[in-house]
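In the two complexes that follow, subunit A is the common piece, with subunit B as its partner first and subunit C second.
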Partner chain A sequence: MKKISLIIVGFGVIGAGFARILHEKKDYLRDLGLEYKVVAVCEKEGSIISDEGIDLGDVLRLADGKKLAQHSGWTKKKSMQVLDEVKADIVLELTPGDVKRGEPGYGHIKKALSGGMHVVTSNKSPIALHYGELKRLAEENNLKLRYEAAVGGAIPLLNLRDKCLKINEIKSVYGILNGTTNYVLSKMVEEGISLENALDEARELGIAESDPSYDIDGLDTALKVVILANNLLGRDVSFEDIRVQGIRDITSEAVQLAIKHGYVIKLIGDVGRGEVSPRLIPVEHPLNVSGSLNAVLLDSDVAGELTLIGYGAGARQTASSIFSDLTEVTQFV
Partner chain B sequence: MKVEMEMGLKDVPGSLLRSLEPISKHGGNIISVLHHRSEADDVKVKLVFQIKDLKSLQLIEKSLKQGAIKISDIIVEGRRYYEKKTISFILIGHVIDSDIRDTIDRINNIGCVSDVDVVMPDPSAKSSVLMKADIDNGDIDNVVDLIKDICEEKKLAFICCLLK
Partner chain C sequence: MKKISLIIVGFGVIGAGFARILHEKKDYLRDLGLEYKVVAVCEKEGSIISDEGIDLGDVLRLADGKKLAQHSGWTKKKSMQVLDEVKADIVLELTPGDVKRGEPGYGHIKKALSGGMHVVTSNKSPIALHYGELKRLAEENNLKLRYEAAVGGAIPLLNLRDKCLKINEIKSVYGILNGTTNYVLSKMVEEGISLENALDEARELGIAESDPSYDIDGLDTALKVVILANNLLGRDVSFEDIRVQGIRDITSEAVQLAIKHGYVIKLIGDVGRGEVSPRLIPVEHPLNVSGSLNAVLLDSDVAGELTLIGYGAGARQTASSIFSDLTEVTQFV
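On to the complex of A and B.
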């Protein structure tokens, strides 16, 4: 049995979602010869620490009632201090990112790698904004830094390339990388409503944030385009290099006009061109997926065109990608 | 090397002669000229000529384009050498009031706007206009860049079709 110790940084929707699957699949992982022990869970106000391993069932029950501080292992130590003091094999950096500086994830990842711990993250901002530096830091320390969950939620893109498309040169990658905008644009098509009304509906269902600008102005998609350009196309691209046009200007008349001519409007991240913009997609095109689905078209020299469709967000879906990285990194522990 | 070239000429005196000059100048030997007049503004002309190599053809093409002559098709030794693509796009904003004629004319300098569909909910509201333009394969990026410039200048939103 291989024993692997973990630190989970961030216990919000994604962090708790990951913990829930780890708890649920404990026996299955044991059958694979893997025993994961969580030695620390860090949240904004403090952390739970236990060298013997934390019972995730207890933590999840407390987290549901927002009562993490009642846990017997609770301390007021902040994540950076925990990463200094507690040693583990792998750090799961699962905090939400700040689009301007990539914090707090950027600091967490640097601290973990400098402290000799592998990192798996779902946090796109630090990877998009500080890719070169973090990649170098991991390589210098002979450690792994994986971030499949940062792009496309459950859709395997980076690991698909590493595992299944090794012989291929990726020629182009483009697609729908943001579920909120796709939900809004789909509703405009299906119900003939305005962008504002579709957004209100998305807010009510919890698909859009109360301030949805990050999604509808294309910034979220742009971060993912940066990650895919650097990883899949081997470019050296910064966030500032991406030309970004969101969907704010799309009128219901434009949506209906597009339908009349056999098109739908989708917000497309075009990785090869370094561009995020609304595009006309033929109705019968594989990228014409509705609701909050994501869809990515990958064109390579040997495999040809592949279209991947799946949920780009959600706790369980994101956990699937986190686990694909976690089991991969486990081989190097 | 046998070349069949189709082009659209302005229906004005001297335009046919101007289209033939670059061919002779770059060593082409004209075999036939077919001329088709229709209701459209342009007159379709199909030329068949012999050239020594593809370099001569490239020079002929360049000269014709510099002379604002629109080539719609080229077949070399029975194989299509050059193809036209149609791109669709939507402009949103005050498309009519910001001189739609000027927008179309500027696009026509590189390609040819072949369809325009306008939705104008009321005169003061933003209109949505879907256009289709026929463009030389090699000029698609240039046309897209041009439309982006026009949109920036006229404060219009641009939704382009997918480009490979």
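On to the complex of A and C.
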């Protein structure tokens, strides 16, 4: 049995979702010869620390009622201090990122790597905004930094290339990388409603934030385009290099006119061209997926075109990608 | 630089296709730290053997003109004798399989594993018909036996589960696993023609064999269903367990009636149910792919539904999956 210690930084939707699967799948992982022990859980107000390993069942129950501070291991120490003081094999950086500076994930990842800990993250901003620096830092310290969950939710893209398409050079990558905009555009097609009304529906279902500009204006897709360009295409691309046009100006009339001619309008991240823009997609094209699905088309020199469709978000679905990285990194512990 | 010796058994479309990519990508593989040396190439009439490694450029030129016997290393020794006499790290079993007994692949794989060599194969019949025995033989000898290319051509399914969906239990798998039938059914939709006429077109393009029963009657799909059931769902399924209905009786009228109601008819391999049958699929469903594409829907307990669409056949595309296995197995050499 291989024993691996973890620090979970960020215990919101993604962090708690990961912890729930880790808890649920304890026996399944044991059958694979893997025993994970969580030695710290950090959130905004403080942290829970336990050298012997934290019972995730307890923590999840307390987190549901927003009562983490009632845990016996609770301390007011913040994440950065915990990453200094507590040692683990792997840090899971699962906080939401700020699109301007990539904080607090950027600081967490640097601190973890400098402290000799591997990092698995679902946080796209630090990877998109500080790719070169973080990659170098990991390499210099002979550590792994992996971020499958930062792009495409449950759809394997980075590990797919590394593990399943090894002989291939990826020639192009494009697709629907944001579930919120796809939900809104699909609703506009299906119900003939305006963008504003579709957004209201999405907000009610928790698919869109109260301020949805980050999704609607294409910024979320652009961050993912940066990550895919650097990782899959081996480019050296910055956020500023991406031309971004969102879907804010798409009218109900435009959507209906497109349908009349056999097309749908989709917000497409075109990784090769470094572009995010609404595009006309034939109704029967594999990228015409509805609801909050994501769909990505990879073209490579040996396998040819490969399309992947799956859930681009959701706590549970994202955990699938986090675990894909985690079990991979575990080999290097 | 890791040096790995290979024996290629079978030098038809798939074998030569693999060799072509290996030749083409020599430098690319060197950059990955991998140097593959082919010490034997076996085909029906005899073999080429060279301890120092065979120049694949030469062999491919001769194979194009069906003049392999002119090669300086040519011998009349057949594959079974070569597998006895020549030692290599990995055997690539790339012959076509016979659907009744799985020969000659079955014999090749047993001989290779018994002789202490790992096996990578594109050959579905031996794996579908003798799964338990071959799996046991590999395990007893502490060797790897991998067969990604046997199912779904370039679409990663087995390695995808192993490498990218590790935390998931696969709940169901179904889809289009045979490119020939999908080409025929797509043509019937698009051109309103009969099955026979669509088959004639497919034959002209080399997509269908002169006797297409193996595809049309669903046997090819059934073999793949067996492999996926055993591998992805952990079942213990035999070829005889699969209920198989092909597309021979699908009329042009049935296809047109389906379209009128928003459906297409597709030959679906349903792995969970152990069934191959023509089914109605909504026009906008991700499994409605046209031409000779394959499309597979995996449902798993964490990632949720994931759809993969890609080339189910083709020498070059299949080589992508063979290399995915080869680089994986190389780690164990």
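We take it that the second predicted complex is superposed on the first by the 333 of 333 C-alpha atoms of A that agree within 3 Å, B and C clash if a C-alpha of one lies under 4 Å from a C-alpha of the other, contacts with A are read in each partner's own complex, and residues count from 1 in each chain.
We adopt the following convention: a contact is a pair of C-beta atoms (placed from the backbone, for glycine too) under 8 Å apart; a residue touches a chain by one contact, two chains touch by 3 or more.
It should be emphasised that the depicted structure is a prediction, and the values quoted were computed from it without experimental measurement.
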Contacts of A:G314 with subunit B and subunit C, given as first, second, both or neither: second
Touching partner for A:N294 - first (subunit B), second (subunit C), both, neither: neither
Subunit B versus subunit C as contact partner of A:P286, first or second or both or neither: second
More subunit A residues in contact [subunit B versus subunit C]: C
Which of subunit B and subunit C A:S79 touches, first, second, both or neither: neither
Subunit B versus subunit C as contact partner of A:A154, first or second or both or neither: second
Touched partner set for A:T180, first subunit B, second subunit C, both or neither: neither
Which of subunit B and subunit C A:K166 touches, first, second, both or neither: second
Contacts of A:T221 with subunit B and subunit C, given as first, second, both or neither: neither
Contact residues common to both interfaces of subunit A (with subunit B and with subunit C): none
Subunit B - residues contacting subunit A, complex: 88-90, 92-93, 117, 119, 121, 126-130, 157-164
Residue ranges of subunit C in contact with subunit A within the complex: 21, 25, 28-29, 32, 148, 154-156, 159-160, 163-169, 283-284, 286, 288-290, 300, 302-311, 314, 316-317, 319-321, 323-324, 327-328
Of subunit A, residues touching subunit B in the complex: 172, 174, 245, 249-251, 253-254, 256-258, 260-261, 263, 265, 268, 273, 277-282, 285, 287
